[in-house]
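First chain A sits with chain B, and in the next complex the same chain sits with chain C.
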Partner chain A sequence: MKLYLAQLWAVAWKDLLIELRSRERVGAMAGFTVLVGVLFNYAIDPTLVRPEDIASGLVWLTIVFAGTLGLGRTFELEAQDGAFQGVLMTPVPRDALFFGKVLSNYVILLVVVFIVLGVFGLFFSLDWGSSLGALVGGLALGALGFVAVGTLFSAVSSGTAMGGALLPILLFPLLVPVVIYGTSVTGRLLVGRPFTEVEGQLRILGAFALVALAVGAGLFRYVVEE
Partner chain B sequence: MKSHVANEASGSGIRWLAVGMTMLGLALMLLLHWQVFFWVNTEATMGVVQRIFYIHVPAAWVGVYLAFGIVALCSGIYLWLGDERVDMAAVATAEGGMVFTTIVLLTGPLWAKIAWGTYWTWDPRLTSTLLLWFIYLGYFIVRGSTENPEQGRRFAAVVGIMGALDLPLIHLSVTWFRSLHPQPVVLKPEGPTLDPDMLMTLMTGLLAFTVLFLGLVSFRYGLERSRWNLDLKTRRAAAS
Partner chain C sequence: MSFPGESEAPPLLDARGLVREFAGIAAVDGIDLSLPSGGFLVVFGPNGAGKTSLLRMLGGGLRPTRGEVWLGGQLIEAGSPRGRKRIGFLSHQTFLYGHLTARENLGFYGRLFGLNDIDQRLEHRLREVGLFERTDDLVGTFSRGMRQRLGLARTLLHDPDLVLLDEPYTGLDPHAAAVLCAVLETLHDGRRTVILVTHNLTQGLELADRVAIQVRGRFAWEGRSTDVHAHDFEVFYRETVDRGEGRT
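== the complex of A and B ==
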């Protein structure tokens, strides 16, 4: 078990270290987030609809789009010079490799989640304050399921000639539950509804994440098999 | 990669099964259309447009439930055993399933425009069926866009399994989402109590669609198998 976790962490840390030094994906995702915020601002006519009424939808779609942008590059770097073959030849079990990739993607996506909260809070003068803990918890839980499914399909799309362009087609249909429950949790907490009202939805987001992690870990070895 | 040399005899067996099932299916289709257009009574409230129901519901049974169920099952077995014949069955079924799901998505709005007053609503069944269509689409795209065909088959199987696991959850969540909102007044669940003649017509429809579907899928399976054998022969000839 200790070895397994060490292997998992080795994979995740390798990716995070690369990210820490290149800041390639976080940079692209952060830039995307801020610019989407600017575009949203001009896409919404405040005399017709108040931005705070649709804030939870904007937040979730930005996370999904920015996340897909970053997830698509999960295996991109290793595709060069046969580096992924090297990763596969290490004694790391396939599911530990999957969990490691999920972990590094998750950390990167959480950074983006905080950027979204900060930028959208600023741009649309939203007040996250009243129940920030539950709000972040809901976003983190939904993001975990998203990352689990996304990492698996990123491995699939990287193996095809279409690459990252295929990822949304594979991923978006399966994300409908995350977007529905995630938007509802965020939206309700944002208007100050009590925590008990979103508890059931948080549970479903958690269940989705657990199932996605388990099934993803089981199927991952068939995706990367040589 | 395991290889299974399919013998010619069983290949022709499949072909005869395909011909028989397809002919029977087409004959049943004729019967169904006679029943739909001339025999069954016009429904009292919806009128003539309700007759599309006898095409729509059987197509949904075949394309959504039967086909996708088989695709998911075959995908799992293929990943488990690695037998190409199971994958051939999966891809044949998926193609048939996508065609019948397309029929569902075309006939539904035609009926809905008159019965509900709109081509499209975000009703749970409509949403799930549309997303299923896209899962089928992804299934074919990943198959076709890998350099190594064996890898494409594995990718498609993964898409099939993930789709089958997620689809019930998608259906549940869109149902829950809709139930938050008031239903449009035009959209009311119709009573399931069917007149015996209508039930009879529906049963003919279900039988006709199922038999025709299995016939077409057998044809497609036979084709896939011939392709496999040809490929094997070409490779052998090249090697010798």
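== the complex of A and C ==
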């Protein structure tokens, strides 16, 4: 178990270190988030709709689109100089490799989630403060399920001729539960509904994440194997 | 290939009936290979002969369409971590990350192999390939030759019993090729089994104790390096390839 965790952490650490130095994915995702925030700011007339009524949908769609942008690059970086082939020739269990990739993608996506909260808070004058813990918890649970599914399908799409263009087509239908329950949790908390009202939806988001992690870990070896 | 009477000990590497097809076309077409500990096999062959596919199957990086690979009595399967600790693989791709330093690259692979004494091992290997002074430099700043030498250090980091080398001389200048050659000579330690795929007939013959010529997915000729004469091997090689490809 100790070796397993060390291997898992080695994969995640390597990805995060590369990201820290290249800022390739976070840079693109953060840039995308800010631009979307600016566009929504001009596209929505606050005299016609209250920002807090539509913010949850905008927040979640921005996270999904920005996240897909970053996830699509997960295995492209590995393709440089055949590095992923080298990793596959080591004794690292394929599920440890999957969990390591999920962990690094999750950390990167959480950074983007906080950028999204900042951008939308700024442009739409949203008050996240009243139930920030529950809001972040809901976003974190939804993001975990998203990353688990996204990491698996990023591996699938990277091995195809269509590459990154295929990823959203494969991924978005599977993200419907995350978007439905995620927007519901975020929306309710934003308009001041009590935590008890979103408990059930948070459990569903947690269950989705667990199932996605388990299925992803089980299928990953078949996806990366030639 | 095997060499009857050479050794009574069971072979370290035993591959039986290896076939690999891509879209119905056989890249490797029924190769049997048996090598003892300490054997050094060099495989020559034209482009598209299936040499890389053969090596990747032997290393567990590619699932055979048919056939099996056994290493020290252990079945090597693509997708399974079993037996991987005993295999080192170097190709013309170095499997290194340009955004990591030499130390970080080797440290990463060391952790995947579950090594305990990573620092000592990586220092030893970096000195061996002449890159110790560049330990903390990003690999992205390395020349092609330096990357290949670091790739060799990565390959040997976990002290594998079976070393698979796929055209490691590709793109190297004479100095880098000489360093690589010197390290490869140290692999002749009687314990390690090495399979080298190369187009470089001279360097290959210098290192080999067994030689095979692979054409169209099969071994068209195999023998001991003492069976061939370096000065006329090139002619013999061309004739064998032409025969194998049906040009004569």
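Methods note: the second predicted complex is superposed on the first by the 226 of 226 C-alpha atoms of A that agree within 3 Å, B and C clash if a C-alpha of one lies under 4 Å from a C-alpha of the other, contacts with A are read in each partner's own complex, and residues count from 1 in each chain.
Everything below uses one rule, namely that contacts are C-beta pairs under 8 Å (C-beta built on N, C-alpha and C of every residue); 3 or more make two chains touch, one makes a residue touch a chain.
Keep in mind it's a predicted model, so treat the numbers as computed, not measured.
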(message) In the overlaid three-chain picture, which partner chain does A:T160 touch, first (chain B) or second (chain C), both, or neither?
(response) first
(request) Could you tell me if A:I169 is touching chain B, chain C, both of them or neither one (first, second, both, neither)? (result) first
(request) Based on the superposed arrangement, let me know which partner A:I18 touches: chain B (first), chain C (second), both, or neither? (result) second
(request) Could you say whether A:V136 touches chain B, chain C, both of them, or neither, answering first, second, both or neither? (result) neither
(message) For A:V223 in the superposed arrangement: first (chain B), second (chain C), both or neither?
(response) first
(message) So in the superposed three-chain picture, is A:Y181 touching just chain B, just chain C, both, or none of them (first/second/both/neither)?
(response) first
(request) List the residues of chain A that touch chain B in one complex and chain C in the other. (result) 222, 225
(request) Name, in rising order, each residue of chain C that touches chain A in their complex. (result) 59-63, 78-79, 81-82, 84-85, 87, 89, 91, 93-100, 104, 108-109, 111-114, 138, 147, 154
(message) Under the stated contact criterion, what part of chain A meets chain B in this complex?
(response) 149, 152-153, 156-157, 159-162, 166, 169-170, 172-174, 176-177, 180-181, 184, 204, 208, 211, 215, 219, 222-223, 225
(request) Using the touch definition up top, name the residues of chain A that touch chain C in the complex. (result) 3, 6-7, 9-11, 13-14, 17-18, 21-22, 80-83, 85-94, 221-222, 224-226
(message) Considering only the defined contacts, which chain B positions touch chain A in the complex?
(response) 79, 127, 131, 134-135, 137-138, 141-142, 145-147, 151-152, 154-155, 157-159, 161-163, 165-166, 169-170, 172-174, 176-177
